[in-house]
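Letters A, B, C and D mark the chains in the order given here, with residues in each chain numbered from 1 onward.
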Amino acid sequence: MNLNDYLAVSGLLFAIGFAGVMLRRNIIIIFMCLELMLNAANLSLVAFSRFHVSAAGLPDYNGQMLVFFIITVAAAEVAVGLAVIVSLYRARRTTHVEDITSMKF
Amino acid sequence: MIKDYLPILIQAVVAIGFAASALVVSIILGKAGKRNPTKDTAYECGMLPEGNAQPRFSVKFYQVAMLFILFDIEIVFMYPWAVVFREFVRAHHPVIFWSMLSFVSILTVGYVYAIKKGALDWKK
Amino acid sequence: MSSLLPWLFSAIMLGFACAVVLNRNPVASALSLVVSFLALAGLYVSLNAFFIGVIQVLVYAGAIMVLFLFIIMLLDLKAEERRTLNTTATLGGLLVAAIFVCELFSVLRHFHKGSLPFPPLAAGPLDDVRGVGTMLFSNYNLPFQVIGALILVATVGVVVLSKRELK
Amino acid sequence: MNDFLGIDWFFLATSLAKTLGIIFLVVLPMVSYTVYAERRISALIQDRLGPNRTGIPFTNIHMEGLGQPIADAVKFLLKEDLTPAHVNTFYFWLAPCLAMAPSLLTLSVIPFGSWLFGVPMVIANVNIGILFVFAIASLSVYGIVLAGWSSNSKYSFLGGVRSTSQMISYELSLGLSVIPLFLLLGKLNLVDIVDYQARNGWLLLPLWGEGLTLRRWLLLIPLLISFVVFTISIFAETNRLPFDLPEAETELVAGYHTEYSSMKFALFFLGEYAAMITGSSLIVTLFLGGWHLPIPWWSSGAGFHFALVDGAAPGIPGILGGLFNIATFFGKVAVLLAFFIWVRWTLPRFRYDQLMRLGWIFFFEIALVNIFLTAGILFYLP
């Protein structure tokens, strides 16, 4: 596979995640599709880090550093996001997005 | 190199194949007995099961899972640090020791907060 | 054979990503998300990013998805009963995604540098944990501390958000 | 050489042979005979006999019950495979495979010998050895969560959740306790770790080569602490006593595998013992010198050295040396398995809150302090 194929695959993954966020009504599934979109961005970053090879024959580690930071931030985001979802479920007894429309509980 | 990871793929296929084939062989060999209602109820030392099958488990369990993710990141940052530590020490860059010390002390503040707020004691 | 592996991994990844979106049962979609993360880790290995691939399995497939399964079991979500499928929203969503895909492929067709094969790397074992480590502690020291502060905030947030129930 | 090679048939054939050899000729017989050894040793401890009747069928030769594992295997295969009505069947059947596969997969990066017939005795010599082991170990949690959830019964659900949160808490101290090792060595590759220990003294026994320096003896204290924390966390990871609360008969009937019968239950059982073997081979590889045995040897090439039979010496040992290395590795693993079994039948069980407090507060703190102790020593004594 060359760089274009990796970018195409990561674009398709992003499209699937994006469609999932648009289509699904369950807040946890939306959160999972959000993770898919994040991983699609990671894949294209790693593909570019492999594409730019330095003179010494090493891949460009800046791309991999960014992916490393994205993974850690996404982990912290999932921890807090799911805590919010659980307290939302405790307050409104539903995870269906259409029932949670008013800002005031 | 990528060539070294091929055996891992082979081992994964063999491990999953072994587990699946063990189950298939046990289906073929084991005789399916006739089903009766008592066999189909959940096993609760002989008594009739009461209460719903999935009790609401306490908040502690998923709180532990969340704190696990956050401290798993701390471990993940420690591995590259451990690998390059002695190189940086030989190259007289003291930054590596103090930067990790400050990172871990920031996280220990969160850890102490979690303990003080009773997230990690299971006394009740 | 071994140059077909990246194609196999991407096919598995995209297939199970669709399974995440289309599955009725939340546990089934969580598990197909785990399989697509593992396939993505395989893709990273085929891109010589071994450390990132292992971290992907360790953090995503090993920690985050366990929390997802815990939350799904805690909230005890039955498989969604057949809610009325809101056709306009579904078509709208699919249309936007389709437009994005067409846009992507038209851009890639004009990106000729991308269709060349990858440039060769240095021979011999590539110790990319050392590469990431030296890069992390020479150029990225400040973001490293900022990530520490962010995780501190996340810890406090998690404890406060789930503590409210204990009262 | 950088991208995927064409088909390197010799490499594929040898790795397939090593994989099949390790899984079917070494680990599975070892698992079944560990079960047999556990029943005999526990009988010895409790002053009773244990299985010593099953020998060669239709004859009077009892062979001290050595046929017991084979009889158990046949029994597990022939038993009726009951899938109770109230379980969701797909995950009910998937859970045993998920519990079994990861413990077999982690064996691929552990070097069980130096060289044999010119082929390195490790299935996958990867640069991220130990991280790969922790990544796959964190996947084994899925088997237990799914078993508890899919059995749809109170006891197995609570057992599954409890066992999962115990395993993930001890994964933290498992990961943290090993870092002083890599601070010293600077490489994550398990094969390099064993070669280093072959030449410079085991980490817990720095008696030759570079091991005689003050720094290595000063580092013995943090390495001993990390050895103790690592071993106890391995106990907790494999749900062995004194950490087997999720399957405690008195409280949760049989924990997450209450509803399972015949082969599915056997897979959980084999998975636990395979995880025990993987855990003890990890301890042997990281701390006790892997396949190396310090027999003094004078060889013309390298003069007097303590590394009789090691792959790293100038001359790669012949077939005899290779086999000897493999035998020493599995001998050490067997000694550690006996230690596992001996601890199980002597120590009482932890209460759940003590268990979580030990994992989260004590081990986590000790491992962190231990890391900075080692870093300090290495910082001021380069």
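What we mean here is this: a residue touches a chain if its C-beta (ideal position, glycine included) is under 8 Å from a C-beta of that chain, and two chains touch if they have at least 3 such contacts.
No experiment lies behind these values; they were computed from the predicted model shown.
Comparing chain C-alpha centroids with the centroid of the full set of protein C-alpha atoms picks out B as the closest. The chain pair B-C and the chain pair A-C differ in C-beta contact count, and the higher one is A-C. Here the CA centre of chain B is 18 Å from the CA centre of chain C.
Rounded to a whole number, the gap between the C-alpha centres of chain A and chain C is 6 angstrom. Averaged Cα coordinates give chain C a centre that lies 30 Å from the centre of chain D.
Between the Cα centres of chain A and chain B there is a gap of 21 Å.
Listed for chain B are residues 1-6, 54, 57, 61-62, 65-66, 68-70, 72-73, 76-77, 79, 83-84, 87, 111, each touching two or more other chains.
Annotation for chain C: residues touching 2 or more other chains are 2-3, 5, 46, 48, 50-51, 55, 58-59, 62-64, 66-67, 70-71, 73-74, 117-118, 120-123, 125-126, 128-129, 132, 136, 147, 151, 154, 158, 162, 165.
Annotation for chain D: residues touching 2 or more other chains are 1-5, 126-127, 131-132, 149, 157, 161, 164, 168, 171, 187-188. Those residues of chain B lying in contact with chain D across their complex are 1-8, 10-12, 14-16, 18-20, 22-23, 25-27, 29-33, 35, 39-45, 49, 51, 53-55, 57, 60-61, 64-65, 68, 71-72, 75, 78-79, 82-87, 89-90, 94, 97, 100-101, 104, 108, 111, 115, 120-123. By the touch criterion given at the top, residues 62, 66, 69-70, 72-73, 76-77 of chain B touch chain A in their complex. Residues 1-9, 11-20, 22-26, 28-29, 31-33, 35-36, 39, 42-43, 46-47, 49-51, 53, 56-59, 61-62, 64-65, 67-69, 71-80, 82-87, 89-90, 95-96 of chain A touch chain C in their complex. Those residues of chain C that touch chain A in the shared complex are 3, 6-7, 10, 13-14, 17-18, 20-21, 26, 29-30, 33, 36-37, 40, 43-44, 46-49, 51-52, 55-56, 59-60, 63-64, 67-68, 71-72, 74-75, 77, 80, 83, 89-90, 92-94, 96-98, 100-101, 104-105, 108, 111, 113-123, 126, 128, 131-132, 135-136, 139-140, 143, 147, 150-151, 154, 157-158, 161-162, 164-165.
Taken together, the chain D residues at the contact with chain B in this complex read 1-5, 8, 11-12, 15-16, 18-20, 23-24, 76-82, 84-86, 93, 96-97, 100-101, 104-105, 107-109, 123-127, 131-132, 149, 151-155, 157-158, 161-162, 164-165, 168-169, 171-172, 175-176, 179, 182-184, 186-188, 253, 258-259, 262-264, 266-267, 352-353, 356-357, 360-361, 364, 368, 371-372, 375-376, 378-379, 382.
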